[in-house]
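So, here's a batch of structures to check.
Both complexes shown next keep chain A, but they swap its partner, so chain B is in the first and chain C is in the second.
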Partner chain A sequence: MRIGIPHMGNLYIPVKALFERLNIDYVIPPVNSQRTLSLGVKHSPEGLCIPFKLTLGNLIEAAELGADTLLMAGGYGICRLGYYAKIQEQIIRDLGYNCEMVQLGVSEQKLFGLLKVIKRLSNYAPWSRIISAFRFGLAKLNALDKIERVVQKVRPIERIKGKANWLFAKAIKAIDKADDYATLKRVQTDYIDQLNQVTKDNQAQPLIVGITGEFYVVLEPFSNLDVESELGKLGVEVRRMTFISEWTKFSLFLNPLGMNEKDRIHKAALPYLKRDIGGDGWESVGEKVLHAKEYDGLVHLAPFTCMPEITAQNIMPSTKENIPVLTILCDEQIAKAGVLTRLEAFVDLLECRRRKCNNK
Partner chain B sequence: MEAYLGIDVGSVTTKLAVLDEYDKLITNLYLLTEGKPIEMVQQGLTQIKQQLPEDVNICGVATTGSARYLAGVIVGADLVKNEITSHAVATLQYLPEVQTIIEIGGQDSKIIIVRDGVVTDFGMNTVCAAGTGSFLDHQALRLNVSIEEFSRRALASDTPVRIAGRCTVFAESDMIHKQQMGHRTEDILYGLCQALVRNYFNNVGLGKDIKPPVVFQGGVAFNQAIVKALQEELNAEVIVPPHHEIMGAIGAALLVHEEILNSDNGSKFKGFGVSEIKYYTSSFECEACPNLCEIAQLSLNGRVLARWGGRCDRWERGSSS
Partner chain C sequence: MIRIGIPRALLYYQYYPMWKTFFEELGAEVVVSPPTTQVMLASGSSRVVADTCLPVKVFLGHILALVGKCDYIFVPAIRSVESKVYNCSKFLGLPDLTRAVIPESPPILDIDIDINKGKRNLYQAIYQLGRHLTWYPLRVRRASQAAWQAHLNYHQLMSSRNLTPPQVIERISGTAEAEANSSYLISAQATIAVIGHPYLLYDEHVNHRLIHRLEQAHNRVLTPEMLSTEELQSAIARLVGRAYWTYEEEVVGAGAHYLQSGADGVIGIIAFGCGPDSVMMDVVRQQASRLKATPFMSLTLEEHTAEAGIVTRLEAFLDMIHRRKRSQVKTCV
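Up next, the complex of A and B:
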């Protein structure tokens, strides 16, 4: 059995660590590229969203490299994504690959459901080994997200543009290589130190822009044309609430105990949207309301044809908590020049607005 | 005399505007880009130099429009600004109380919402050309009506026909259908104007809070029939500024004037002599990762001045080098 996984940000690094510790045979497909996208688009129904197309591309590339068991998120209670695994399995079979699709119903089965799948994939390894491998994967995930948070702060104020991104790329590689807790810890502190030592413009008071929207397009830079990094280059500090480590912490450990990080966001959205509309639409509205005071503006990322986010997009302008929102619809037609022009204009708009507020 | 130059290189036209130190327009130029942005910028510089008084000293240059980075490297721009901000700045100088700016150009159309002199929202068409100047151009050509004649004849319409304007392809087949049914060309032309306007508000203007005063600019504002259709749709007066077709270039010049006043450095303008220089453009495929980005580069005497087109920063070079 050889397992293949789709990509989402740097998630492959912790997954790889988990597989290695359990001696599970795996392939990580190449990171998202134009080829992945073309493959995905070619074999997808046209009206489906970019998360479907890109993950399908990943799974096909994994199958090409010999994977026979494919992992994909799924389950009810999310959005169309709930049945993507099933459709992708059919498409990949029709292409002639004899692959089994293992669906991870994380949103309803929580931690235990996930561990049970791992148990099966590891050919029924003892629970102690599974827990230990899982913990190590989580440690890598946390290290990645901790460093990324520092990168978000450094990007807008670094003197030499690109330095933070360069260090981040090196840190990702080092975390991937680390194979024990001590090395991991050292890599983490080492890179955070290096990032803190980057020459910065300490006088600058960068604009603060929140990133919200659909989970996958927020976390996969390929699908949003590196919107975070581009905003950083324009001197904007990016904040986002969605981090895989946060999500894992809550959905796997704390939600089953009755704690929900989203309660606060949902409560904020209540005056404008009273219920879950699938996907992350409720959260998008809530985040705008919740952060209107601390953010200068909000970039709202939505996959083209995404019902929950389109609904959210149309509710957002009518909230009393009024900050500018730029919605970017992500799909295979999106072009970098167009996105950059809009981002530049958006940043100009925010700067003007801040100057005016300060003069008052 | 101190002066500031704004250059707006769009997909269809290239615009140049020179303002004096009191931000008054000295002279301007409107050329067709014809797919050759470098040559057009160079030609524009040569021509505008002849139009300028002898004692003019260019103290700052800014570029805008879709070829703003390329043009910026060629002329040595002090400021490279996106076209949305440039347009808004120029309109605000013309009419400070403006609340809505409609701009329809060759390949793109925008809406800019302004409140109390600050841009609060904007929208831009994405991939569809149905609400832009090229669409009108193309259909006028097909009906064998010159674009100048277009507006005059469309205004003579008394019973405009309804044309499906959602998409250029459907609009065209619908127009042919209406022609074959024997409708007058005048009515078809004005129907086309209404379709363009309808499409603009359903697409670019969707969900925007449109309030008067409304200013309409861009090349398409030459067309009086479109102005009339806009007024009918909005049920409000639509103001067309006197230099509506070069507002982007004027905005860029205004912005660079402010920029130069606030900085201690002089202009990086390479002078009108750059129109004599032979720039060389080429492209290659980067093979560093599976993305195989197409990188375009601009060079002079074997030295690379700038590179564009990568997904990552690998090949990027600042316009200052």
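Up next, the complex of A and C:
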């Protein structure tokens, strides 16, 4: 049994660590590329969203490398995503690969469901090993996200543009290589130190732009043409609430105990959107309302034809808490020049707005 | 008398008799928006972002047509009518969306229907809806029982007499005595099944009178409502195992059924940008290409759809089916 997984940001690093510790045979498909996208688009029904097309591309590439068991998120939720594993399995079978699809219904079954799937994949390894491997994976995930938060702060004010991204890429590699807690810890502090020592423009007061929207396109830089780095280059500090580590922390560990980090966001959205509409639509509206005072603007990322985000996009302009929102729809037609022009115009607008506020 | 507006769009075709009975039992007057026109569609589209799907744009056009003609507008948020089967997010966000994009609309009566939360929750939701009209819980109870009976009658009429929802609604409201679809059966050249959501199949403006055109070309038309619930559910079970979407029977169930039996050709109708349909219609398309028994065509509707385009595709499809039938007859002889 050889397992293949789709990509989403840097998620493959903790997953790899988990599989290695459990001696599971796996392949990590090449990172998202134009080929992945073309493969996905070619074999997908046309009306589906970019997360479907990219993950399908990943899974096909994994099957090409000999994977026979494919992991994909799924389960009964209220967005189309729950249906994807089923269709993708059919498409991959029709292409002639004999693969089994394993659905991870994380949203319904929480931690225990996930661990049970891992147990099955690891050929029924003892629970102690599974839990220790899972913990190590989580440690890597946390380290990655901690470094990324620092990178987000450094990007807009670094003197030499691109230094933070370069360090981040190196850090990702180092974290990938680390195979015990001590090394991991050392790598983490080491890179955070290096990032803090990058020469910066300390007088600068960068604009603050929040990033919100659909989970996958927010976390997968390939699908949003790396909006965060581009905003960093324009001297804008990016803030986002969506991190994989946050999500795992809450949805796997704390939500079952009745703690929900999203309650605050949902409460903020209540006057405008009273109910969960599936996907991340409720959160998008809530984040706009909640952060209107702290942020200068909001970049709202959504896949083309995403049902919850379109509803959110329609509701957003009606909120009393008024900050500029730029919605970027991500699909296979998205082009760098188009996005850059829009981002530049958006940043100009925000600067203008801030100057006006300061004058008052 | 309190006037309650019901837009003639989206779930109207599924639930209108039920809603009408409920509100009328509680002493309200029900106002329905007129059939869709180009002006309504354009006014609806102007309120939302371009990517919003066609049915929602039509729906908002109907709301705008009701502004000023009623005291309340009824917009339910139907999340789930079956255990663990959920509806499209656009239906869930409908009341909030309407409030956000049409601020001038009369107060919106919304009700959250979610079977997964249990019966008690459902009854409470119904009572809260009734509270706008009466304080007596028993009256609400009687009204909801009458409404449920009306709903059952409605579906029974459709499946037993092969009537379409607009025909039954006309019958119930007594505006016209609709004839059962039998006049053209004798001369029918072929049987064409049209599958899709009722708000696409029966909105004549949106689909350019597709059903009418098929009938005029001497074809017998079958729609998902003409199948019984058991037939639909067993077709779904054969094809995908378990339904994922709330209105999956209309597409996957009916598609799977008609592809195997009862029709010479199947036409699937979807709206551009529809999330669930993009998945469901593809399941039907794959099944059609696997079976290779019944020709299948999918038509995507959007606000730019030109009539000529639809007519051309329809004619080509019908020609193909008629030719196919003739050659089958020849080989049999």
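Simple rule for what comes next: the second predicted complex is superposed on the first by the 359 of 360 C-alpha atoms of A that agree within 3 Å, B and C clash if a C-alpha of one lies under 4 Å from a C-alpha of the other, contacts with A are read in each partner's own complex, and residues count from 1 in each chain.
As a convention for this text, a residue touches a chain if its C-beta (ideal position, glycine included) is under 8 Å from a C-beta of that chain, and two chains touch if they have at least 3 such contacts.
Please read these numbers as outputs of a predicted model, since none were measured by experiment.
> Report clash or fit for the pair chain B and chain C bound to chain A in the combined superposed model.
They fit: once the shared chain is superposed, the two partners occupy separate space.
> Does the superposition put A:Lys86 against chain B (first), chain C (second), both, or neither?
Only chain C is touched by A:Lys86; chain B is not.
> For A:Met307, decide between first (touching chain B), second (touching chain C), both and neither.
second
> When the shared chain A is used to line up the two structures, what angle, as a multiple of 10 degrees, is there at the CA centre of chain A toward chain B and chain C?
So the C-alpha centres give an angle of 80 degrees.
> After superposition on the shared chain, which partner residues are touched by A:Gln34: those of chain B (first), chain C (second), both, or neither?
first
> Quick check on the superposed pair: does A:Gly338 touch chain B, chain C, both, or neither? Answer first, second, both or neither.
In the superposition, A:Gly338 contacts chain B only.
> One more residue to check, A:Gly47. First (chain B), second (chain C), both or neither?
second
> After the superposition on A, what does A:Pro324 contact: first (chain B), second (chain C), both or neither?
first
> Could you say whether A:Asp226 touches chain B, chain C, both of them, or neither, answering first, second, both or neither?
A:Asp226 contacts chain B only, not chain C.
> Which chain, chain B or chain C, is in touch with more residues of chain A?
With both complexes superposed on chain A, more residues of chain A are touched by C.
> Who does A:Leu349 touch here: chain B (first), chain C (second), both, or neither?
After superposing on A, A:Leu349 lies in contact with chain B but is clear of chain C.
> Nearest approach of chain B to chain C by C-alpha atoms in the superposition, in Å, rounded to an integer.
5
> Show me the chain A residues, by the header's touch rule, that chain B contacts in one structure and chain C contacts in the other.
314, 317, 329.
> Going by the contact rule at the top, pick out the chain A residues touching chain C in the complex.
The touching residues are 45-48, 76-80, 82-83, 86-87, 90, 94, 272-279, 281, 304-308, 310-315, 317-318, 327, 329.
> Within their complex, state which residues of chain C touch chain A.
48-49, 51-53, 77, 79, 84-90, 92-93, 95-97, 99-101, 103, 110, 112, 240, 244, 270, 272-279, 281-283, 285-286
> What does chain A use to touch chain B in their complex?
Going by the criterion above, the answer is residues 30-31, 33-36, 161-162, 165, 225-226, 314, 317, 324, 329, 333, 336-338, 340-342, 344-346, 348-349, 352-353, 356.
> Any idea which chain B residues touch chain A in the complex?
Residues in contact with chain A: 66, 81-85, 116, 118-122, 124, 126-127, 207, 209, 289-292, 311-313.
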